[in-house]
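We just call them A, B, C and D in the order they show up, numbering each chain from 1.
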Amino acid sequence: MTMAETLPSYVPWILFLPAIGAVVQQVLGPRLPRKGDFVVVGTMAASLVLSVAAMLAWAKLPPGHYFAASWKWFELAGGITFEMGMVVDGLTAALLCVVTIVATLVFLYSTAYMKGDPRYHRFFFWLSFFGVSMLVLTLADNLLMLFIGWELVGLCSYKLIGFWSEDLANAEAAKKAFITTRVGDVGMLIGIMILYKQCGTLHIGEIFHAVKGGAFGGQEGLLTLAGVGLFFGAVGKSAQFPLHVWLPDAMAGPTPVSALIHAATMVAAGVYLSARMFPLFTPDALGFIAWTGGITAFVGAIIAVSQTDIKKVLAYSTISQLGYMILGVGVGAPWAAMFHLCTHAMFKACLFLGSGSVIHAMHHAQDLKDMGGLRAKMPVTFWTFVISTLALAGIPATSGFMSKDAILLQALHEHRYVLFVLGFGVAFLTAFYMTRLVWLCFMGKPKNEEKFSHAHESPLVMIAPLVILAGFTPWIFWGHFPEKFFGTPAYFESHPDFEHVQAAYIAPGAGAPDHDHPWYFQLLAYTTGGLGLALGIGLFLSGRRDEKSRLLPGPLHELSVHKFHMDEMYLDGVVAAGNALADRSSWVDAKVVDGAVNVSGAVSLFIGDASGDADQMVVDGAVNLTADVAEGAGAMVATAQTGRIRNYVTAALGLTAVAVVIIVFVL
Amino acid sequence: MVPDLGNLLSRFGAETLLALAIPAILLADLVPGRGRRGANATAVGLLALVAALLLVLFQGSSDGAILTKLLVADGLAKVFRVLAIGTGIVAALAALRWGDAERGRAEFFVCLIGAVLGACLTAAANDLAMLYIAIETLSIGGYLLAGFRKARVEGSEAALKYVIFGAVSSGAMLYGMSLLYGFAGTATLTTPAGTSFASLEGASGAAAGQPAFLVAVVLVFAGLAYKVAAAPFQFWCPDVYEGAPTSVAAFLAVASKGAGFAAILRFVGAVTAGTTPDVTATAGDVRTILLVMALVTMTIGNVAALRQNNAKRLLAYSAIAHAGYLLLGVAVTTAEGATAVVFYMAVYLFMTLSAFYMVGLVEKQTGRADLDAFEGLGFRAPVLGVCMAVALIGLTGLPPTAGFAGKLFLLQQVFEYGGEHDSMLFFWGGVIALLNTVVSLGYYAKFLKVMYLCDLERMPKGPFAFAGVDKGLVLALTVPVLLFGLAFAGLYDVASELARGIFVAAGGR
Amino acid sequence: MNLLTITIFLPVAGLLALLFTKDGKQARWVGMFGALATFVLSTFVLFKSVNLEPSEYALTSDVAWITLGKFDVHYRIGVDGLSGILIFLTGLLAFAAALASWNIEKGTRGYWAMFLLLHTGIIGTFASLDLFLFYVFWEVMLLPMYFLIGVWGGPRRIYASIKFFLYTLFGSIFLLAGILVIYFAVTSDPAFRGNAFSIPDLTAYAQQARGAGGILANYGANAGLVANLVFWGMFVAFAVKVPVFPFHTWLPDAHVEAPTPISVILAGILLKLGGYGMLRINFPFFPGVMKDAAFWIGLLGVINIVYGALVAMAQTDFKKMVAYSSVSHMGFCLLGFAAMTPEGLNGAILQLFNHGTISGLLFLVVGVVYDRAHHRDLNRFGGLLWKMPVYGTIATIAMFASLGLPALSGFWGEFLAFVGSYKTTYYEGAKLITLIATLGLVFTAAYYLRAIQRVFLGKTNPAYESFPDATTRERVAMIALLVPTIFLGIYPKPLIAVYQPAVDAIRLLVG
Amino acid sequence: MNVGLYHYLLLGAILFATGVAAVVTRRNAIGVLIGVELILNAANINLVGFSRFSGGLDAQVFALFVIVLAAAEAAVALAIILQLFDKRTDVDVDRASSLRG
């Protein structure tokens, strides 16, 4: 049975410390030595320590127990209260550690990377604020607080992508990111509304209780809609197809930002949400999720192959890996998805920081055409890059291998053969494009002598994080990770008869029935990574190919180069339609509603002179109704005022005669 | 019952004094005085008017005593006589200041006092004959005053239109009266015993039942409508107000309209009194006619005013519109309705007189009466600007002013009648009246626009040079508009007490 | 003397003092003092209006004003949670607007006189518990606004001021008709003991008079029809102010032409009067009619939201964009009113208050940039953030608050309105309406981000190199409005606790 | 056949009709005045008729007053028409229409 223990007192400080750091940075930042970056890094490090402590404290709890505490935020008439609360269970503990580790290392890394930037202190403020928002999102025990963290994280990503927004392109990228994720948030809000209406509460635990208690009654479709709604938020935030278009453009932000936000933490929030809300997903919701994940993985991998910008390759790779995680949830293995999330966070952050160190060394050149042969010049970056690439490619004995195969194994057990094959195809493509990247970047002859001559190994403070992150890739570290953290669906155990939950959460080997590993699965798992690697090396060893060459058969290459034409579809389709609709309504408002309903014409009539500008007069005269009535009647009366007495008398007596006739005959 | 002189003097001292004043003025004019020609005629005239006002105020003439069947000295008569004489004084002062009476001070005062006398008698008339005589005296005085300024050709044109239109209307009224006399067998509106006109049987059988009775009533309405410039007899009003001197226009707009409403109230009271079924039937028809007349009048007045650019024509149409609002009070034929009419009339007096006086002042100063003459008045003559603004806001009927209180009571009666008698016609009538208020904002705001919202740079420079007396008079006329706006309970009580006699015979609701 | 009466008539005292001060500097100080005093007093009123019982009023005073037989009008005032927060908002915005009107040169005395008279009208309307008094204060507001826009406005000020005056007057005549009809119907019912104008008595009477016409039960045979007519008539009167879809076209013109401080007050307070009027008078008087009208009100709400946002997207004039965004945000109030659930009503009332501070702040922002560039065309600005960092930051926070970002006060109103409106069973079709309304969020985000990008980001337009950052005066005004936006965004409990009894009362009366 | 009340009223009505017709059609101001006189006398006929048949001398007195007032009105009207005449050499009613709108 799950038991909620009282939250250790230091857990809230995981959140408060970076918050205080952010406020101090914002207020005193410029005046502190080193512009106060040590404040931000220090508080995040402290938060890391506390997170690890919380994880250990949680680990000591008997299985199924978790920490929880909540405070009344505000109360409405009719006894409706809204609470804010924190929960520490398997999911949270893991994500807390991952977020704080990656954050601390990226903050450290940024002190060197962003040195000399005029708005250095503002950068650290937003980094710290991002940390706080991510922790709010992670610790939240109810959908309201989660939604608040969700949108704040979106704000920080907007601010950090558009950090150098002197150049409009960056501002445009930031706007695109915010609006696309906002579309996702709308879906999430709809999900929250449905859940709130049916279950009457937003606390996640109580929602599950209510759903199990039949809150949705027969309306299976409504529960699916709620699930898909929430998932739509994840699609926006974790850049799943079709809302993935913002992530590649988000590379316009500084590389530490890309590493922290667009590789490890923020984009993972969608996966975390899906894993957290897993019990809600009905079978057809899971189907939808699985397919979305599959398609995203495939699309991401295909496009990554033909990218020429080092960060774009990694961006599409992230999209692809996120697709993998969502696939994991979709096929009913949220624990595998979370496991892959944690491992991916580590090596993808390392890859991004590595690419950052390369860009830093090459004086902000991001295009592969200028790189090559950096192996000699930047040995540490090179080796950490290679180790992380191996993990990403899923080479046996790496963390990536274990987490990726866990997902594919589950796909196999769920008899989702198409997705299973697709999964391995993507694994092969991943290995292939990563080899291409490593080769073009570090091996072969330097293509741009002038830049190459300047290249040098990055300072220690940038190298150290690389090494630490690379250190996380060997498998030994992750051996017991899945069962330990996600072995028991602690947070949901209080609902024993969530059968599909129970089964889904028992990781292989944790006392649960041993999932058999069919022979063909073993074969595929161990060989795909290597095959991709070999093909890559083979193609590029001869040196004849460069970043422009066609590596994919016919149509796939064309699709890959043009990014599946997604950008054009959005610009000409959705955005253009929105603007057209806006202009149309504005015309309607100024001319029709303003004219027909109100007295704008009459108003100018009242003024007696055409003081309104010509356009207003011309249109109002033509279109409006009420003014004509007043004007017409006025004209009628005035014309009757001919000035000639005989007309007056005739009119007067005539009208009286008419009145008399009416009276005599009608009344 | 031979009217003993004492009783007559004690009740109608004012009228007798005015009647004697006319020959006195002519005699005074013959005496060669030191000052300018006609100085002593003016003195005698003004003295007579003031004395008459005091006499009316202080003579205990509001105890409902009916004298010789012809005149009744009840509250209604008292308030309208005060109103008529007061307006006469203001018009006289205005004429003297603006030189409207230069052609012949004595003649001007003779006509003015004749008109005032006519107005007082109309308010007190309790007999068809007396009513006709009084209205004719008032009208003839008006015709002469309208054409007083020989210099301008419009003056005589206005007088011509006024005299022809007036003659025809009163002719029709007289014909209606003669028929009514035939029906009722008597010309007295309300006999001392309270039995009223409609319930009597004349030579040709029961009066109220026959349709012909209603025709006669409508014909009489024709004459009365002409007097108060209500539709369909409002055609003369804009042209005469524009052509006549402003002081005379002011007098016509207030005094003759007031006297007209007194007569209408009394006449409608008489016609709708009585409880027999066919009386109440005709009473219903009369109410409908009056309501329709009211709505048509106000709509014509408001809508036509939108197009005006001459201040005097605009105020003329505004006067027509207000006649429409007042008719609403008459249409409900209840005691409170009469009170509302009396209340509104009093408030209307202050607002219209101050507006006309301002127009006159500006006309005298700039020689033009169109709206552009008022350019930047708000900034060039702050005190008078504010007074004019208050008057206009009052005429529109916005809260802080008495205009709002007046309209409120009228509308309250209309909606009450709508609820009382389940007649959606009156409910919609109330809404239409309110819509008219919005339309009226249109042309009153035009004044405000010109006075305040003009371009401060391009505005003609130099403040308006208004004499202290004028400022004092305008202030005296405007302060009550605000005062009664805030505390109108007192005025309402006085009005209800004065209008007590009317419609009682009609069995109340 | 009752604190509330002092708060209402203090501006008038300031007005009288202005009569004796010279034009220019002196007038400015008197006006400023008046605004400051109003702000201080309004905070006291707020503290007094805390933890009351449902439909219990604080600071009440009841003086007979006009007694003519049954027609007895009382100077009856009182304040409950709802009017308490709105009076406080009036004081706050009066202070900010006074600061922003510092550089009005032309006819200063007249300006400040009208400014103070306007506030008497507003606070009086919020405080009055007597229908007649409510109507008088409602109209008293019209005139100063007409002159403030008309004399001190922009190029097409005359057109805009007359349009404003006509629109509001057109609305208010239906209110007057309603008051008179109610007065008659209620007085002719012998069972009615209370005063025919007092709002509390009438709401109590409306409760137990559940007959065909409800409160108008004995308005003769067609009471049902008249009840509907009067309900919708009064709704039109308040809808013009809110503004609601077909009657909103005066708002952009009035805002574009009004001087900055007057726009702050127009957007901050005058729009809330419509909502307040509906909650206080329109709905409680006709609970029966409200039940069937709820769908239409919800529908109008969603039209406001989506249509307002769309039109705002197409605007190139900064101020017009913010004006249309006000139309869009007010749609949420209608959504909340129609839902009649605790969350919906709270969302609506929160939106009333928060939109006041946020849109007031936004108009200050527009004013600051207009004072410098003397134009409001969004496309001609660029990169102001780098030249005016403090101003840029405040403006960006204001815009993010307006698009409903959490941790800023705009979020709570919208979130609760959405949740409340979706959850309601008060009328059918609520679910679909709310789903369509969520579209508004995307459009709102679109036009605000585009505005931020065009004005603040990108290369600094060479013409605006020399722009000074916000002066201390401007900063104080903006921060005065920024503090509640941020504080109530993070912790809305204090504000919510104040007006909860009022929500209870409304749900009891109407729900 | 002896003359009854009905005949009086008939005559009155005819006179009234001709008077109105005269007022409406005549372009000359004097003609209009004649029309007005006809209307007034039609009323007198009615009054006399009623007084003859339903007793009571009030109507007769009323008729006398009407005659007096008709005279006064005619005098005043002619004076005004005279005033107009010396300004504008003709008495055409339609030409006098400068005040309009």
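Quick note on the criterion: a residue touches a chain if its C-beta (ideal position, glycine included) is under 8 Å from a C-beta of that chain, and two chains touch if they have at least 3 such contacts.
Predicted model only: the values in this text are computed from it and were never measured.
By number of C-beta pairs in contact, B-D leads over the other of B-C and B-D. Comparing the centres of all chains, each the average of its CA atoms, the largest separation from subunit D belongs to A.
Subunit B and subunit C have CA centres that are 43 Å apart.
Between the CA-based centres of subunit B and subunit D the separation comes to 26 Å, rounded to the whole angstrom. If you average the Cα atoms of subunit A and of subunit C, the two centres end up 37 Å apart. The geometric centre of subunit A is 96 Å away from that of subunit D, both derived from CA atoms. For subunit D, residues touching at least two other chains, in rising order: 20, 23, 32, 93, 96-101. In subunit C, the positions touching at least two other chains are 158, 162, 166, 170. Among all residues of subunit A, those that touch two or more other chains are 602, 606-607, 638, 641, 643, 645, 649, 653.
Applying the touch definition to all chain combinations yields A-B, A-C, A-D, B-C, B-D. Within the complex, the subunit D residues that touch subunit B are 5, 9, 12, 16, 19-20, 23, 29, 32-33, 35-36, 39-40, 42-44, 46-47, 49-50, 53-54, 56, 58-59, 61-62, 65-66, 69, 72-73, 76-77, 79-81, 83-84, 87-88, 93, 96-101.
Taken together, the subunit B residues at the contact with subunit C in this complex read 379, 393, 398-400, 404, 408, 411-412, 415-416, 418-422, 424, 427, 430-431, 434-435, 437-438, 441-442, 445, 448-449, 452-453, 456, 487-489, 492-493, 496.
Put simply, subunit B touches subunit D in their complex at residues 128-129, 132-133, 136, 139-140, 143-144, 147, 150, 153-154, 156-161, 163-164, 167-168, 171-172, 174-175, 177-179, 181-182, 185-187, 202-204, 238-239, 242-243, 307-308, 313. Contacts from subunit D toward subunit A in the complex involve residues 20, 23-24, 27, 32, 93-94, 96-101.
By the touch criterion given at the top, residues 160-161, 164-165, 168-169, 172, 211, 214-215, 218-219, 222, 226, 231-233, 235-236, 238-239, 285, 288-289, 299-300, 303-304, 306-307, 309, 371, 439, 442-443, 445-446, 449 of subunit B touch subunit A in their complex.
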